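One structure is given here, and the rest of the page talks about it.
So that you can tell them apart, the chains are marked A, B, C and D in the order they are listed, and the count of residues begins at 1 in each.
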Amino acid sequence: MLDKNGIAKRIAKEVTDGMYVNLGIGIPTLVANFIPQGIEVMLQSENGLLGMGPFPISGEEDADLINAGKQTITTLPGSVFFDSAMSFGMIRARKVDLTILGAMEVSENGDIANWKVPGKMVKGMGGAMDLVASAKNIIVAMQHCDKAGNSKLLSSCSLPLTGVKCVKKIVTDLAVLEVKDGAFHLLERAPGVSVDEIVAKTAGKLIVVGEVPEIED
Amino acid sequence: MLDKNGIAKRIAKEVTDGMYVNLGIGIPTLVANFIPQGIEVMLQSENGLLGMGPFPISGEEDADLINAGKQTITTLPGSVFFDSAMSFGMIRARKVDLTILGAMEVSENGDIANWKVPGKMVKGMGGAMDLVASAKNIIVAMQHCDKAGNSKLLSSCSLPLTGVKCVKKIVTDLAVLEVKDGAFHLLERAPGVSVDEIVAKTAGKLIVVGEVPEIED
Amino acid sequence: MPLNKVVKNAQEACADIQDNMTLMLGGFGLCGIPENCIAELVRQGVKGLTCISNNAGVDDFGLGLLLHQRQVKKMISSYVGENAEFERQMLSGELEVELIPQGTLATRCLAAGYGMPAVFTPAGVGTEVAEGKEVRNFHGRDYLLEMAFDADFAIVKACKGDTMGNLVFRATARNFNPLMAMAGKITIAEVEELVEPGDLDPNEIHTPGIYVHRIFKGEHYEKRIEQRTVRQ
Amino acid sequence: MPLNKVVKNAQEACADIQDNMTLMLGGFGLCGIPENCIAELVRQGVKGLTCISNNAGVDDFGLGLLLHQRQVKKMISSYVGENAEFERQMLSGELEVELIPQGTLATRCLAAGYGMPAVFTPAGVGTEVAEGKEVRNFHGRDYLLEMAFDADFAIVKACKGDTMGNLVFRATARNFNPLMAMAGKITIAEVEELVEPGDLDPNEIHTPGIYVHRIFKGEHYEKRIEQRTVRQ
């Protein structure tokens, strides 16, 4: 089983040199910590920054310089600031190569639900609907099951959707799965996790072909 | 009768303090020379400048700094450069208070034709169609008749239109006219020009009410 | 209106904001919010406001102050989850809330500022955001038709501005500010530093003064940080 | 593609531009045109081009050079009247010309760069520009539906750029350049000065490098003035 850092580390392998990447809040934010040496990427923060740097050292926080999670951050050489229309313009025009975000549910046809639970306080979709509607490539980082043990990989989402037919890949605590042709395709298993367990915990259509390798460290 | 400078001078009286004004090529460009002391205006040049200054002194021409007529110009304190989308964005959003441009024909309902003569080489509409479609207030500067002596103030335009129902006022060599309710309304006559002459040279519907004052110098 | 847009302070700038008007307020979270004008709106007690703002402040700062005084009838935002009083009013039905995607919010401002009555965006296709909206397919992809905003006032905060209303924003405090500055029928800009025409490089101005109707130098900026996060 | 977008020169930047492609070229008149790339296109002799550019150069400079070599099949412009060879080809039917309003041209670039498939503009309503186009009324006013451009390459010229493709334009040489930079499937930027990442102030960059695929330092800029006009 992977912990949050394990999920982030596995996703970081999907990041290739020169990519522009938008990281959502939560596990996706951790991905930045695992991008291999020699791989140069530019992180896009949808509140208006390309080239997001690490958190500042204490005492150097700048109230004017935050990420989409409202955390204080820094810039890097080559960073650019822009307004929110341009920020979502470049997202909508598919200039951002990879979007990594969390989800409450993903369906076998790639629908994603991650913004609203009926009966609970709704905080809003923020930029998630724009991101999932336009991203060239979307990887979801999430737990395979919710806290009650119910699968979050479903035949169809029960929660209000954030976007339709958009998720390309999912990395959970148990597995790496590709979403295509209306099914989850098991690519890799987490260390110590059996295919049977993944099958048992995946409610949507799951395709398993041949030996399923363990995620490499 | 007014010469070009006379037409420009009369139009300059329509310019009030604080206006943002777009001046077309030709006579409209001359208007800038007659704006009274104490009246502050910002001239918009649709190629991307607000706050157009006078032509440069010889030796200080800057190839990167031109107006929409491609003439070398200068900036003033408070000038701003922007791209063409923002330039026409502010035009389309009706932030430009007054547009002054030339015309080949104007109709009694305010249609304007100023970009194309069938059978002649077409140079293009440039920004004129955008300007006339969106301007809050359009004043046309032109000769009352063409070189053959035909009226340019018509019941309907014979040339391909630049825009419909948009011209508010016309200043010609002979008269100042308002365009409203489907007619030209004679407001002022040029020095030495009789109402009869204006009537004779206006092909579209012309309304003359009471004494028509001479244009004041 | 003269080209000199300077007013004395927030009180003069906001004097004619009336009950039941629609306001746009710049900022992302607490970053780049018009602190002086918000304080003035609280002071003058205008009510029944519809506020278009990406977020709704926190309980004791930003738009939270207006919410606390129950001056807001409706919030149009993309994310509002930092605010207990907001939640209470929303759940009790006192406050109407319209949640829209962040990029849609930004683009509807841009549309207003650029005179485009409506824009197409794929954000929200197939979701409840699409309900009641026109869906149109271009080149095999579905888009929603979203309308330009129509706000009585836009209230923004810039780092610097000159007396003609030209504005420069700093870092991610830019966010929605230049977009809203273009979108209001009347635009009020409060600035940390007010300079003379010519002091700003004309190549570096983000909002041309033609979009700005009133400008003043704000005071006592707190610039509160919402999520102070530092490296270990 | 690595984040370092630097190519050696115009020849490398333009190597894969092929016959019958659609190119956008920045500039207004001769102001801010990509001189090096135009010269390279003339040198390599690519033919059948569709060129989206506000103007068509003059007889012996700018796009006029491409026209002279009969490399252009179609021009999409707002104003083309400075060019005798252009006129000859147009009148003889050798050259197809589509004239569109300048603001429409700009906005169709913006639409492409911002992922909007189409935009509404009132420019050209009731004129021959409206022929065959959808007209739609919003709030009592008619607008034309105009499609985003779809160009294989955008070729722009900036004053400064860094190796990551971030661009800064100068004065009115900005014009269509940042819009086209956003709108090309592949965007080539030639710059007068090429600097390192960090040398440009992130607040002052007009075009973020995410939109730019290739950048190089141009040479021997003539920067010809079309209408030299001076004060008496």
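In this text, a contact is a pair of C-beta atoms (placed from the backbone, for glycine too) under 8 Å apart; a residue touches a chain by one contact, two chains touch by 3 or more.
No experiment lies behind these values; they were computed from the predicted model shown.
A.B. asks: Touching subunit A and subunit C alike: which chains?
C.D. replies: Both-contact set = D.
A.B. asks: By CA centroid distance, what chain is farthest from subunit D?
C.D. replies: Result for the farthest chain: A.
A.B. asks: Looking only at C-beta pairs in contact, point me to the busier pair out of B-D and B-C.
C.D. replies: B-D
A.B. asks: Hey, how far is the Cα centre of subunit A from the one of subunit B, in Å?
C.D. replies: 56
A.B. asks: Please tell me the distance, in whole Å, between the geometric centres of subunit B and subunit D computed from their C-alpha atoms.
C.D. replies: That pair's centroid distance is 29 Å.
A.B. asks: How many angstrom lie between the CA centroids of subunit C and subunit D, rounded to a whole number?
C.D. replies: 33
A.B. asks: On a C-alpha centroid basis, what's the spacing between subunit B and subunit C, in Å?
C.D. replies: Here the centre of subunit C sits 36 Å away from the centre of subunit B.
A.B. asks: Which subunit C residues reach two or more other chains?
C.D. replies: Counting only residues that touch two or more other chains, subunit C contributes 107, 114-116, 121-122, 169-171, 174, 202-203.
A.B. asks: Hunt down the residues of subunit A that sit against at least two other chains at once, touch-wise.
C.D. replies: Within subunit A, the residues that touch at least two other chains are 49, 75, 81-82, 85, 88-89, 91-92, 134.
A.B. asks: Which chains are in touch, pair by pair?
C.D. replies: So, checking each combination of chains, I get A-C, A-D, B-C, B-D, C-D as the touching pairs.
A.B. asks: Applying the document's contact rule, which stretches of subunit D touch subunit B when the two form their complex?
C.D. replies: Residue list for subunit D touching subunit B: 28-32, 54, 77-81, 87, 90-91, 97, 99, 101-107, 109-110, 121-129, 159, 169-179, 206, 223-231.
A.B. asks: Under the touch definition given earlier, write down the residues of subunit C that touch subunit B in their complex.
C.D. replies: 1-4, 112-116, 162-164, 166, 182, 196-198, 202-203, 205, 208-211
A.B. asks: Can you check the complex and tell me which residues of subunit D touch subunit C?
C.D. replies: Spelled out, the residues of subunit D in touch with subunit C are 107, 114-122, 138-139, 141, 143, 168-171, 174, 202-204.
A.B. asks: Along subunit B, where are the residues that touch subunit C in the complex?
C.D. replies: Subunit B residues touching subunit C: 17-18, 20, 40-42, 44, 49-51, 75-82, 85-86, 88-96, 134.
A.B. asks: Where on subunit A is subunit C touching in the complex?
C.D. replies: For subunit A paired with subunit C, touching residues are 45-49, 54-58, 61-67, 69-73, 75, 81-85, 87-89, 91-92, 111, 121-130, 133-134, 160-165.
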